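In this document, chain identifiers A, B, C, D, E and F correspond to the written order of the chains, with residue numbering beginning at 1 in each.
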């Protein structure tokens, strides 16, 4: 039942204030590591999938600590490289009630964004693999990272892997001279499962239809290899209380998950990555409807866990889908 | 107004992860001590009742720390013994939202379960006492523990104490060769106040009626010394939000407490023990209806307090029953 | 856009238990500093107003730490004095659910209450200033403190400052031989913006009308210099969930703010001070209706922040008033 | 082998900065309770002596926490009273290397110093007791405390207890209008075992001889009931490294303990109290020379333990005297 | 330069009090994992050796956390099994000055000691491996564990691996009915590098010569396959200050390392394992004299690191041997 | 007695592991702010000197926190600017025993190094000032920073300030295309008090004499405005134990301070800055010999304090020079 999945992307050190402290109050920071694509690999590794994350770290002790972190979670680190540059960082302030959470990114000039990946043997990386997942963050970082993504996509495609891409458009990135429309369309052309909302369609695919379903159809016309398009719908009653629903277009119809009230959020960073990991798992092992339910339940559980990563078992996700053992005291 | 109450049972070291951390994330554990029966004694000691807890610990420094803990809370430790065996432990992971809390028990071969209590002078233990409380956990641990419970019950009964028993059926215990139906009926025969729900009636008293009121009547027929049967009704909206109501059958009618919304649970372990302590207090000092209200309010407040024990004052419980000073800032 | 504001009052060391721990459980206390009037100055300093706080501390290292704290927050400490007496303290236990928060004050014989302020050059203090804020806590502490308040009010009035006073009646204070009606009326006579609820009107102004609007009219008749009277209406569903609304009488009509649900309160101490700071800012820079909205939003955000002080930006308050960026993850 | 020992004195809340933080750096404080005389009782309770501490606390939750602390350590709290006044406090900054440790006392107007002890049944307190220990701190606090000490001494003397007194002269106390020479001589007259150094002799007994042995002889002439005089000699190489030796004059000769190098001091507060507890134990159960060795070893071990109290076993002290199991890893 | 090394043994959860707290003071415990043989693997993995640890854990989340810990440190966990039984634990109290450190073991009935290893494919385990390391702790736990050790030794020997054994005699183990002389000699017969001191020779090899060199010769006569015997000499000035020297008998002569003063010990648990790891590395990659220097320097550095494991780089050990970069601030 | 002192330089966020944890073990980091020149200002501010620090931070919340930190310590922040770029960081691992401390710098592209200071009104900055202090770190960061330093030096010189410069040569800096000999000589030409050791003379002044006294004479010949050259001599017995001596050449003779054993170092970062602050204070207020004693004592005390900054009073430094109150418990 285990599949082999490859992810690529930057992993940052995450420094978050204690509890709900504001940045100006902080006298210490909790440190873990995270990055959108690695979060997907970690989540899948928890479910006994064989995952490899491709990335680069600086060669110093904190780069080693990051590698150790990935290894701890069960992700294979054979394709973690040490190269020139600094450790990408982000600082997180965890909101509460009406007060929003805040992230200060500090990721420019990182080892990963400087990394050219020239020595990666992509045939070896993708050997025997079932799935490749990338996001729009990587090509937004640097020309090197965009080139590497394209190269990886070509080999993965040639070897017949299913490919998912989380468009994840972020205006603050894309500072190396190219814009998303210069780069993303070619990458999307190799992608079968797309995570995309309205802003992603507009900024990275030049599709500006108001209706998401129409946009999906348009995307399929422009990129006929696409099989699934997916997103979550999140309503923020407050920083502590969100409402979440998963949406999956399978080329024919739009499937919805149950709606979940998340009333005492512990940490919402990585909620989207847990959704994607759930969807990848679901599309490999379950029916379409089950997949979107599984993905959404995975995302919900992530909101109860500190850090970027979703440390939940298959059983816990399945139970939540079924409404069993929810919010109990399990002895 | 102070009564003398005796409890008996194992006290474990409780090791809980920080905040809402999962076991796989933990790099430290908070340590307190707790056990269902001792929790009852501690709660009652807070209300200036004179309580004695009978138990056994290993003779090493952690056994001493456990004794010190009981003494700190005001429980009399004259009948705490040091004997062979390990310290019983349990590990707790505190859930949030839809994610359940989890307990990993590690209590086999403990000093208490190995303890035969041969040297206990039960006449002395129960001298001048008003009430004896036991639970179905103790006879489930070992033949020694079951024998000791029976012996204690006989003496307590002979000396005219009121006796309460929390059936508390747990399938994972009962591993020493006997089943609950081999042991529990004889013990229940000495008990005047029973804490029992459907599963307890079925597994420990062989009463399988669907309706709880009918089961109470049946129990009274089988065990005519019973005066009260009680339970709580808990609805788990999530791990952070429960709804609670107390139920008391006094041989004539079923009394209900107010229903409480517990919307930001800090720690639900020990909630049942706080209920029982409240009921014991109530049946000694209040009317039946007041008793079930007092018991339920005691339980509600426990959910706002970290650890197994319910550190609240009489005034705080009475105020909650009256709806006064609820959720304020008291200067 | 920056105004100069002067506040006067005692600053205490606040020792609060960790998380939701009860006093009897505490093995450590978090320490910050706070006091109603200083909290107002700190809040306004965050919004780039030029604030000076007048107070006195003991000359030892903890008095120095208190001064450093004020300086850190941007409050000018040129008029912080070191004098005889102890550091005022308060101990805080943070409630949860139905369990109330508790404060144990330990502020008698403090350096501030012993301080006679004889050497203060009030002309210098108020030089170029726009606003002076005092509260009814100061004259309740000691004759010295009451005299100093009166002296300050006279100079501030003579120099044409706008003066706000938070009546803030507390029965446990007023232990030096005078009652509020002996002292407060004369002080209120110099005050243009009054923070007063029913209990304040009764105890400090001898106005016992049931209707708050009527009481405002009566107050205006008794103290014709009054321009605004304000208060908040707080409904405590639980210690974790309050409902808040701001109310402002501007001499003509009563204006109301939006109502806010505060469902996951982090720390409610200082919520009133954040309201007052917001109102002072609003009355200096905004319309009356905008002012009461700004004040209430400022107070709401405070409830999400640990400590006495409200570390929020102008933008965050304005955003909440507009319903923008509420409870999001801002990258 | 167990004796009954009574101590009397104030117990303060001790608030110490974390690690070696300075007061101006502290954002939290560790809280325990301590006081010279209670520290003696706690230390003796660890050695299975039956100890009672007589004191008074404010009736609020922190006073209750202090009582719980004493009870936890095994000290009997039957004679702990709740009375008017605040909780005495002291703030501790733990030095390192050449930097000294600092204490800021905040104990005036405490419940204990206001306590008149009129209702204490001293006959009951001393019933069956072997030893009474007091210090010069108590009569230095207030007339009430001095009177109560004298009354206790008279009863203890009449009932034939052995009485020890730690002169412990502190210039900063004695602020209620009397000086040590007004009060102490009468109290010393009831005392058999005196802890006194040069400054104590001078300030409390008006004996100004340079040589300590001569001073002991003079003391014996002035107070013929004295049997032992004792002190420690401490050399402070740095805050982290002290050298310690115990000295005991038994009326005939001066006995010295081994000299100990304490090279990595964890917490030196309470080192003198651990010495006194050790001496009391020693004089009750051992020879004179053994007593001074036991006392000094007890004090040395205290320096390795955080807090005021000396949590060591009899075996650990005996082992250190014998040089066995010193600084090992005991499995 | 990388070799493949196999270790086998129990890994326990280590729960240590904070700082220098005593067990009776602890309100939380730091949790890591450790075991003598796994510590060796972890240390070697830090030096880029390919290490596999063979062990068994309970299948619950704490067993998973233990596996994650090994994986994090770079040890290969392909041969980690989940089986029936509890998690072995040990509690650690870190001494200071004259006060010893204390360990309370709680490891009976663990998953590892119950594990029969019947399904282990030892040919696969040792495939391509260079070295196998075991200790006398494993055969002391249970018959199952002793049998498994013997089986592993036979296969390792047949495949030509170098085998090291740390005799590590502990009287408190060996509770399953056999004594060390019943079991150890046969295991030692397969071992080329022996870690053994006087007590080990006596209790496990029945060699009682006073002189360690003579004992080595005798051992060689009894077990002619032995090539090296080694030990450390440790002098405990205090728990904070030890003196350490390594000793290696290579069949011809006794080689000594430099003597090291360890004056501010952070954590001495695992010091011996770091020595053995260093020796294994040294004997594979260096001369005999260099090996004993490397091993001792490795052990010294371990004493500066919290936890069981020695997280130091090759360069750090080599630098210490050369006396370079010792105790500096490296920028 | 208060003088006005100006410093200029980058202030970084310092993220240090807890206790003696290694980077690979860290799950949280303690955060303070520090930089060589700001450390000097902070130290002098503690001694009631009027200090201004000139620097630039990014405009986000962490830049604000850094400003707040400076303000808290008493440094005037009128000349703190917000500009483009990131926050400079450094990660610190605190060594122990033979294990060295390690710093990982992450300061490239910081707001300060990008800052051109074009808008600074240097006449205003230096108005009424007595002293200007700079270090060789600033011109090593960027051409902008080097230019700004030169400009500041010219104005300070023209206004007659005494100027001190800490050469502080660091090979890892100087990455913007210029070397120290291209830049430093011109800056040194404006400097009266030089902090320089052998490596500084060689790399920044091209003076390669073996003897430090000879080098001082040579420096005086090349830069005749120099009045004092100073350095410390540090011997690292281990990371926990250093030996320190101050050396001052006053143009005529070499003066030495007492030698200090620092046996339990808490934090040695900033030790050199505390020395310089002490020397600046000394040269302004004391004799030459007293100055070097004061400077060295200041540095010694810094080693007992966590963080970059030296929070000690004038009295504490004077006391250490006199050997009074050293390593005591001050009540």
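Criterion: contacts are C-beta pairs under 8 Å (C-beta built on N, C-alpha and C of every residue); 3 or more make two chains touch, one makes a residue touch a chain.
Here the structure is a predicted model, which is why all the values come from computation and not from measurement.
Undergrad: If you take the chains that touch subunit B and keep only those that also touch subunit E, what is left?
TA: Touching subunit B as well as subunit E, we find A, D.
Undergrad: What chains do subunit B and subunit C have as common neighbours?
TA: Of all the chains present, those in contact with both subunit B and subunit C are A, D.
Undergrad: Using each chain's Cα centroid, which is most distant from the centroid of subunit C?
TA: The most distant chain relative to subunit C turns out to be E.
Undergrad: Of all chains present, which has the mean Cα position farthest from that of subunit B?
TA: The chain farthest from subunit B, judged by C-alpha centres, is F.
Undergrad: Distance-wise, how many Å sit between the C-alpha centres of subunit C and subunit D, to the nearest whole number?
TA: Centre separation, subunit C to subunit D: 44 Å.
Undergrad: From the C-alpha centre of subunit B to that of subunit D, how far is it in Å?
TA: 41
Undergrad: Can you list the subunit B residues in contact with two or more other chains?
TA: Those would be 22, 24, 27, 68, 102, 264.
Undergrad: If every chain is a node and every touching pair an edge, decide which shape results: line, ring, star, complete or other.
TA: Chain contacts: none of line, ring, star or complete; other.
Undergrad: What are all the touching pairs of chains?
TA: A-B, A-C, A-E, A-F, B-C, B-D, B-E, C-D, C-F, D-E, D-F, E-F
Undergrad: Sort out for me which residues of subunit E touch subunit D in the complex.
TA: Listed in rising order, the residues are 19-22, 24-25, 95-103, 105, 170, 172, 236-242, 264, 268-269.
Undergrad: Would you tell me which residues of subunit C are touching subunit D in their complex?
TA: On the subunit C side, the touching residues are 15, 22-24, 26-32, 60-62, 64-65, 68, 86-87, 89, 91, 93, 102, 104, 106, 108-109.
Undergrad: What does subunit B use to touch subunit C in their complex?
TA: Where subunit B meets subunit C, its residues are 260, 262-266, 300-301, 303-307, 311-312, 316, 320, 325-331.
Undergrad: Name, in rising order, each residue of subunit E that touches subunit A in their complex.
TA: Residue positions touching the partner: 68-69, 71-74.
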